[in-house]
Structure formats: C-alpha cells, structure tokens
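Two complexes come next, and they have one chain in common, chain A, joined by chain B in the first and chain C in the second.
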Partner chain A sequence: MHETKTYRFPIGPAHPAMANFGIDIEIEGEKVINAKSDPGYLHRGFEKLMEYRTYLQNTILVGRVCVFEPFSYELAYNIAVDKIAGLDVPERGSYIRVMMSELMRISSHLVWMSKMCRATGLDTVLKLAITYRDYILELFEESTGGRVYPVYIRPGGVRWDLPDRFNEHLEKALKKLEDGLLKIDGLMFKNDIFISRTRNVGILKKNTAIKLGATGPVLKACGFKYDIRKDNPYEVYKELDFDVPVYNGCDSYSRSLVRRNEIEESIKIIRQLVKNMPSGNHINKISPFASLPQGEVYSRIEGARGEIGFHIISTGSDMPYRVKIRSPSFTHFIPVLEDILTGSQIADVPVIYWSLDPCADMDR
Partner chain B sequence: MIKRKIEKNKLVEVLKKAKQQGFEHLSCLSVVDWPEKKKFELNYLIWSYKKKKLLSIKTFIERDKPQIKSVVELWGANAEAHEREAHELFGIDFEGNKNLTPLFLKDWKGKPPFRKDFDWRKFVNKKYFGDKNA
Partner chain C sequence: MFLTGVLKGIQVTIENLFKRALTIRYPHQKIEAAERFRGEHSFDISKCKSCGLCERICPSRAIEMIEIKGKKYPKIDMGKCSFCGLCTEICPFGALKLTKNFSLASGNKKDFIKKPRKLKK
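Up next is the complex of A and B:
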C-alpha cells in the first residue's frame, strides 16, 4: 500500500518561471489540491503616493504601475483628470492617444508571447517576440523620448506632436510585425507542442469568470464578448472599425488566440488612425500647479490585460484626495488563478500562470 | 454613471437587487477616508453587461467602528479579495468575510497605512533614514 502525502510549497515570488508574485501550492501526488496567491512583493503603494503629488506629477508615476503597458495606465488616469478638470481633448490629441495605446497593446502581447513560450519550452519565440517588440519600442523612443516608460499622455492631450517621419517609420514597423506574426504562427500557434501544452489546460467557465471579475482576453476566451472599447467607448473608438476576437475554448489556448488576434485588430486600428489623423492642436494645456474643481470620477479603459479603472476624488486642491486603481491582474491573480489552479497538474502551473498574463499591477 | 447613496444596513439587499437586474460585474470597491467627518466612504462600482451602464453605490460607515456586512455571498472570491484589501489598508471589518488575512503587507503591526492620519513620510524617514525625531 502506498501512503498518500500532501506537500505544501511556495512558487515565487523570486522564481525563474514566475513574475514577481508568489503562489503557495499544496499537492497530492502531481495534482494541485489547493492554491493560495501571495501578492505583495511589488506593493509600492501607488494610491497613497498619488495623494502626495500634483495631478501633473502623477502622470509620471502612473505608468510605473505596470511595466508592460504604461500607456494604458497613463490613458486611464488622464481621462479621469480630463473629466474632473472639464478639459476637452483636441481631436488630434485623442487620435495620438489611441494610436499609442494600441501600439502598447501589441507590445504587451508580444512580451506575453515571449513569456508564454518560456513556460511551454519554445525558446525560439521567446527571443523572436521580444525582437519584434523592439520595433515598437523604437517608435516610442522616436515619438516620446522613452522606450519603456514614455510619460507622454498629459491632461488635455499629449505632450508633443508626432515627429516628421513618424508615419513612414510606423508603417515599416507594422509590415515587419505582420511578417513576424506569420512566423510566430508557425512556431507557436500551429505548433503541436504548444497546442498540446495549452489546449484543455486551465479551464475557466464563463459563469465563474463573470462572478470572479475576469475581464479582457481571459473573459473573451470564455466565449463572452465584452470590450470596453466597444461597450463603453472612450476617446475616438466609436469612429473606428475593428472586431473583438472571442473564443469558446475557456482554456489557455483560447486565451492565447485572443491575444494573437488582438494584435491584428490593433494593427487595423492604427492604420485607420494614420489615414484619418486630423491636423491641428494636440493638447489643451493646464497649469502644472492647477487646482482642479471638486468632483468624483471613475474612468475605465480596455488595457491589454483587461479592465483598468481610476476612481479619483478631488476636493478642489492641486492634488487628488484619493485615487483607487482598478487593475485587471488583481482579480485574475487572486480569485481567478486560485480557482483555475485547484485540481490542475503541477506541470501545468506555469502554463496556466502565464496564460493569464501577469503584471505588477496586481500589487500596485 | 448611475449614482445611488444608501444606508449601510441596506447594502446587501440593494446590491442583491442590482445583481438580479443585471449589474453582474463588481468592477471595483473603493474606500475613501474622511477623518474630519469621522466617516469612511465605500463605493461599490458595478457594471451591467446587458444594460451597458455603470452603477455606483455609495455608503458611509463610522470611522470609530468601521464595520459593514460583506458581499461575499454575491460575488464570492472576487468580493473576498476586494474586501481583504480594504481591511488591510483601511482597517474595515467586513462581517461574514472569513478570509480577512493580510494580502500585501505581511507582519505589518502599525496603523492601516492608507488612512489619512498615517503619516507616510514620517514612517519612511524613521524606518529607512533613521530619523529619531520623526
């Protein structure tokens, strides 16, 4: 007779296969019988820090919430500030904001591809995806001055206009990306190893996903069409023609396909923006020391990982009284991850973990 | 955004009704500290996929006795996580939430750090720069 024993052990936060976030796992044989998320390794207290800084100083801070998609946080925060201040964003400013956040979505999904391939052992795509991301980082450097943290979106618009030959460079990069995506298709999405490692792994059903607050690609992979860009449009998304990729597999493979197809949709959006980009002013400036009127606002945008929200309370001073950040990874990595991992195999833990696309926004 | 201000003892009842009417997605639980009014403000921000509308339910609780009923019965582990965060950072007790364990701050023994009367700069000067006057 074999005696069955259960073991408890932590994975992460400092572990090569993990982001900066830990899970305490209990296994029986090879089966995970219990998983508890252990966030906090990157808790930097952004919400509190923002109460000590002016609205403009905070634009520099917000991007740091998530290193892979700073533009999304800059955008969500600045939409909230625009609403409180009653600022109208010039059309050109709004077009540039959307263009940059779509480029950021592609960049973030490429980083995810790289990490997902590390989890499944496909080292070629690990390097390839990061290489293609660099073409986008070059565009960021050219237009904003910063590769990783652009600090570009400001209350009332964007910091400065696009440089002279930007559209030409952008089109070149998009073409390279389209070629790259075909290469990655063959190496990753049509690869039997990848399919067998992800299909039917990490099942999350639609009703559970809704109850647990899943958003973004995680929810779209459960066959539920919900995208804030379509359902509650902000900036110029109303005028744009794009599809929301939805898959019914409820597994890690479906989540992967949603992200892959979102890249294509983002390229489509960017081309429309370039074609219809209006001329004129790119920002309606406010004073860096401006006190904003009293008010309360909750702004939401569709980030690469899901719903990003800023609940800001202004009491009429030059600094926000309270900022609450709603981050997608908070719900994906506490309730959702614990739910999916329970009952899974120990070997599938990294795959499930990366299929949810972790980022430091869970800690904030 | 539809805004409603309610009494704290009606919270679960109102949210249950809202959920039945299609407000299924608990997007955010945001707490605001008002030391001068001696109150905590709780905002439950809920989205309806069908109606495509955002609902904000606001309620106030006493700052000296920060207790309110939990909404775990409606949103399960999602509500549990949001309430754990509010408990840790603001010291609010959610009756009925059995898992109000530390989330981000292990071994933290001081005042809940997101309250307005927690002086963050003083804490940093004392802990990391050895300022004895802080």
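Up next is the complex of A and C:
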C-alpha cells in the first residue's frame, strides 16, 4: 500500500490574506519542508509599456507598479530621467519630492501594520492603522489631487507647488500620527500575543540575507546598517538629520520594529523639511514631447520595502529604448521567502509572509 | 500571560465605541473633494480649436478625435481614462478641464464613451 507522507498545499494567489501571488508549500505534519513561490498572477508588463510612451507619459504609469508606495517609484524614475536630460531640480522641488516620499513611507508602513495584525489576529490595530493612514491620504488629495495615485513628481521637479494651508494640515496630521503610534505600541509592539507570535519566527540568517540580496527593513532587521538615503544620498537627504533603525533579531519581530521606528524617523525628517523649506520655483519644465539625449543611467532610492532602481537606456528619441525596474519585493518574495519558509510551522506562514511586506511590485 | 494583551485591546475598543465615527453615510452625506481633485472631464466645444494635442498626449490612449460638422473634437473613453490630467494641462485654449465629479459608475457600457457633445461644459 502506498503511504502518503507529505502534502502539496497551494496558498494563493486569489486569497484574501495574500498579496496577489501564490506560494506552493509542501508539508509533513505541521512542518513546511519545501516552499516555492509562484509569481506571475499580477504581471502587467510595465517595462514593455514604458517603451511605447514618452518620458512624461511614463510618469503617469510608474506609480502603478506598487499601489502602496507610488511616490517612491515616481521619484526613482524621475531621478533617472533628470540624469539623462541633465535637468537641475530647483531646491524647493527637491524638498517637496522628499517630503512626499517620506509621507508615502509612513502610509505604506501603516498599511503593512494593518496586514501584519490581520495575520496575527489583532483586528483592532488593523482598523486603527488604516484610520491613521487616511489622514495622510487627505494630505495627498489636497496637494496632488489623487488619494492613491498622486501622479505628482515630474522630470525637473514637481507638478504643482504646495497648496496654501498645507503646512497647517500637515502638522495636524503628524500630531495625530504620533498619538496613534503610541496607542498602536501598546496594542501591537508591546503586546505579549504579538511578541509570542513573531519573536524567533521566520529567522533569516545574516549571510543568507546578503547572499539573496535582501534590502530595506528586512536587511536592517539582520543587523546591517544599510540605507541608501545615508550611504548614497539623493535629493536633499545629505542635509537631513535622521537615524537608521537597526535590530539584531533577524526575526519577524525585528522586522516589525524596524518599520515602526522608521515611521518615527520619517516624522522627524518631515518636520525638518517644513522648517527649512526654501521658497521659489518648484520645477524646471521640459516640453512634453521632448527628445532626450542618448545615454544610459541607473538611479536608486530607498523605498519603504527596500532598494528601488530604474535602469533606463535612451537612444535619443522621445521614448525610452529600454526600462528595467529593480523592485525590492522580487528578491524578498522569491529567494528570501522560500529560504525562510523551509522548516517553519504551517501556522506561521502568514506571519512570515507579511513580515516581509509584500506588494504588487514583485510582478510589475 | 496573554490576558493583559486582550484587556488592552478591549479597552481601546471601548474607548472608540463612544467616539464620533470617521465614516459617513454615503451617498446621503458627501465629503467635498479637494480643489485639485481629478474627476470627470468638462469640455467647452466653443473653445476647442481641434488641434489634437490632447489625443497625442493621452498616456492611456483614451482620446479619439471624431468629426462633427467638418471639425474634429475629442471623444473620451472613461473606461480607459486614468484621470491623470495631462490632456487638460496641454490644452492651449482651456477647453478641457477636470471636474470634481467622481461618481461615474454605470450599468451600461455605452455610458463610458463620452462624445464631445455629451461632456458637460
């Protein structure tokens, strides 16, 4: 008689607890003995689409790579286009760009908080975090006209100047966020239930993290102080004073703490930007159908999930010849996730999955 | 051991029970959209000079120029439009604008194709 010892168990991609891509796991009893990522469900072909649109039209498209942090992709793309075109960004434009991408980082981490709490069964924080995110979305609506897809950063600066009473509204929202963070601390990060579900769960070894190309909070939770904002500063980060949170636990709990502390640092950065915001022009415009000179550039920034990069080749026409997007979730969700899941308990799969903060950018 | 965690959660829930709700009763109540909000287009046919720039810039290829009485005007497919606002930005005569109207849902597919005359001024 044939005896079955292991079972193949597909999770996702069309599953409410999954971010639009699936994993095939093989289980023996309660233990995961093998895991295989199954991407492709959300592939939208951005890189090809961008070859058929002008540089300005592509600014509309790039934000859609990742719905939780469109500003980061807009920023990375536009830094690359600025480099090809040899455009100088006015100081005010640069300040606004950084301010918006820091707000986006907070908003993205709040979405992650709600998803992580859903995986650990803390439904109160799920709703609280989404509530606090709405204060940021209101700021986006006021300044850019779009709540989720702002379409705001342009080659050479930003689309519009900040609206009149923006700083007032911003300060109000930041105060609410700080209060909210304290409230969430008690419910989530200092909560025994959360700690016992995440501590020593999903350990990513230090040398594996480097070997598999982890970046962002996943790498910082392994004890590496690596942040592109510090190590290879772009825009105005050189002038700003902020810390990079680093933890040594290598587990889901450390990854959670890194993100929580990044929110605090981002609030600190935004306060500095408001204080030192220069006046003047916010954009050096180029013509919408401009042909850019020949060239090849790579730009990289620190997104909420890790390193975001754009490799653009221009052959001198009004459209890019080739665009390659480097997205952090791609490395986190194929090699890193497979490595961490192997040997874990099946009940910990959602916790490990969400501790890496997945987004649609893995499929592009 | 986990009791404190559970109690803390219940405490927050009770606190929030007596607060004013953040959500509203849409569609009976509405929140005014921001000044820069990008919604449905408005089109002033008397200002349009049929230059075709809006068709050329549209990244979603949602605009098609159609002929009315010998002149060409933009027809917009709302199903394709991504409300980026490039067409309104490039229009040299201010004929196309984005309004605050966001309730565009319809059960009929034809309602999404906006012919020049069907767009409000």
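Criterion: the second predicted complex is superposed on the first by the 360 of 364 C-alpha atoms of A that agree within 3 Å, B and C clash if a C-alpha of one lies under 4 Å from a C-alpha of the other, contacts with A are read in each partner's own complex, and residues count from 1 in each chain.
Here, a residue touches a chain if its C-beta (ideal position, glycine included) is under 8 Å from a C-beta of that chain, and two chains touch if they have at least 3 such contacts.
Quick caveat: nothing in here was measured; it's all calculated off a predicted structure.
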item: Chain C versus chain B on the shared chain A, clash or fit after superposition; value: fit
item: Partner chain in contact with A:G145 - chain B first, chain C second, else both or neither; value: second
item: Chain A as apex of chain B and chain C, Cα-centre angle in degrees (nearest 10); value: 100
item: Which of chain B and chain C A:I313 touches, first, second, both or neither; value: first
item: Which superposed partner A:E47 touches (first chain B, second chain C, both, neither); value: first
item: First, second, both or neither for A:I210, with chain B first and chain C second; value: first
item: Partner chain(s) touched by A:D363 [first = chain B, second = chain C, both, neither]; value: first
item: Minimum C-alpha separation between chain B and chain C after superposing on chain A, in Å; value: 12
item: Chain C-contacting residues of chain A that also contact chain B; value: none
item: Residues on chain C engaged by chain A in the complex (per definition of touch); value: 1-2, 4-6, 8-9, 12-13, 22, 33-38, 56-57, 59-60, 82-86, 90
item: Residue ranges of chain A touching chain C (in the complex, touch as defined); value: 53, 56-58, 60-61, 122, 124, 128, 131, 134, 141-146, 149, 151, 160, 163, 183, 186-187, 191-194, 196, 288-289
item: In the complex with chain A, residue positions of chain B that touch it; value: 1, 24-28, 30-33, 43, 45, 49, 52, 54, 56, 75-78, 80-81, 85, 102-106, 113-114, 120-121
item: Of chain A, residues touching chain B in the complex; value: 39-40, 43, 45, 47-49, 52, 210-213, 215, 224, 226, 231-232, 298, 300, 307, 309, 311, 313, 321-322, 324, 326, 330-331, 334-335, 338-339, 363
